[in-house]
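Read from first to last, the chains carry the letters A, B and C; within each, the first residue is number 1.
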Amino acid sequence: MDLQAVAEIMRLKYRYARALDTKDWNELASTLTPDVDAVYGEHLVFDSRDAFIGFLENTLATRLITEHRCSHPEIEFSEDGRSATGVWLLSDTVIIPEDGMLLRGSAYYHDRYSLGEDGCWRISRTGYRRNWETVTPMGESGSVRLTTNRWAMLQQPRAS
Amino acid sequence: MDLQAVAEIMRLKYRYARALDTKDWNELASTLTPDVDAVYGEHLVFDSRDAFIGFLENTLATRLITEHRCSHPEIEFSEDGRSATGVWLLSDTVIIPEDGMLLRGSAYYHDRYSLGEDGCWRISRTGYRRNWETVTPMGESGSVRLTTNRWAMLQQPRAS
Amino acid sequence: MDLQAVAEIMRLKYRYARALDTKDWNELASTLTPDVDAVYGEHLVFDSRDAFIGFLENTLATRLITEHRCSHPEIEFSEDGRSATGVWLLSDTVIIPEDGMLLRGSAYYHDRYSLGEDGCWRISRTGYRRNWETVTPMGESGSVRLTTNRWAMLQQPRAS
């Protein structure tokens, strides 16, 4: 195992998740190749960084809190060491405060990575297959209350 | 620290968890020594791979969704480097759709590993001590709904 | 990346979390520098190991079950390699059995580490910023039941 390359790919994935969940779209773009494929089932497929980030920004920027927790990495390299595949266990949480909805899910990510001319690894393919998913109502009609939300200002702008 | 051996043992544990949770019993068997000890409290004890896998297959094959998320590895090697111990923090989820039950638990795994003649690490002892466990009712009478289940076909076979 | 130092700092963080959650205050003290800064927002600030451990011991010893699950480490070293910073994704659970309360939260830890004269890394600064937090009622009036508690003896001392 090339432990240095494994460590760099793990850092890449953690940076991807942090950028995604803190809604830092420029940082997120820096983790992807321009021609990245992102495949979530049959109906949610993107074939470029611009299309993928555009969708995420549009969907996640204001209404949703997300958390993508990635663990159990199993990384394999191609013979020339310039590309790799990765399987990860995902545990994700999606909170939609205005709809009073808390979603928890489990999936396996199947990623591909490529080593650029600049010596940096980037994600060239990502996507996952769901294992299970639960939905819990939140708020006054539900059993769970949201008591802190770092992005509340984005979600409930004050009247001006 | 022998980082290469630590990385191999972490991969072994991730493969064990993935095989267990995807119900891949052949893959699971390949992660264990034939004389593995599996100890879960006083009353659930196995002293061979065949007995342990037989129990898991019988218990988990159809009715239960499980997820074993392992983190915080603390691996220590014997002086000759051919065996090791590992402490892991486990966060597990068990879902029983037909009973409308969702269990979440926390425990510390205490494992032993041994390096085979073939150069592969395998689990020679596993088991954990529970820290806490919660049970939440699911479905119509509960607050949580199961909205996706990769193994639903196994659990609700169509009438033929 | 100095993988050996990264591995030692990860071990340090896992030992910190295990000591904290198993209420082993001596072990916890061994992970901190004497002048550690611990900063949780504006109102919860400590500037020494004694003050920080005193607070934790007083707050967590008997009434609370805690779990601090740390993942996604991003470790950076100073030029001389004798200090480092770390960002981690925290997923924490706090259970207060006697109040029937289950808290789940997410945050990013921002830590500093320093390499001692004895060759051991210790935490010299810790603290996190909350992303989100939910509270769920437990017990007879709530939807979640606590079915196992390793520390129940501490919480419900027998009458003597």
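Note that in this section contacts are C-beta pairs under 8 Å (C-beta built on N, C-alpha and C of every residue); 3 or more make two chains touch, one makes a residue touch a chain.
For clarity, every value in this text was computed on a predicted model and none was experimentally measured.
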item	value
Chain contact topology (line, ring, star, complete or other)	complete
Interface residue overlap between copies chain A and chain B, same or different (over half shared)	different
For chain A paired with chain B, centre-to-centre distance based on mean C-alpha positions, whole Å	25
Chain A, residues touching no fewer than two other chains	3, 71, 143-144
Chain C contact footprint on chain B (complex, rising order)	1, 3, 6, 71-74, 87, 89, 91, 103, 105-106, 108, 129-137, 142-144
In the complex with chain B, residue positions of chain C that touch it	3-4, 7-8, 11, 14-15, 17-18, 21, 65, 67, 69-71, 93, 95, 102, 138, 143-150
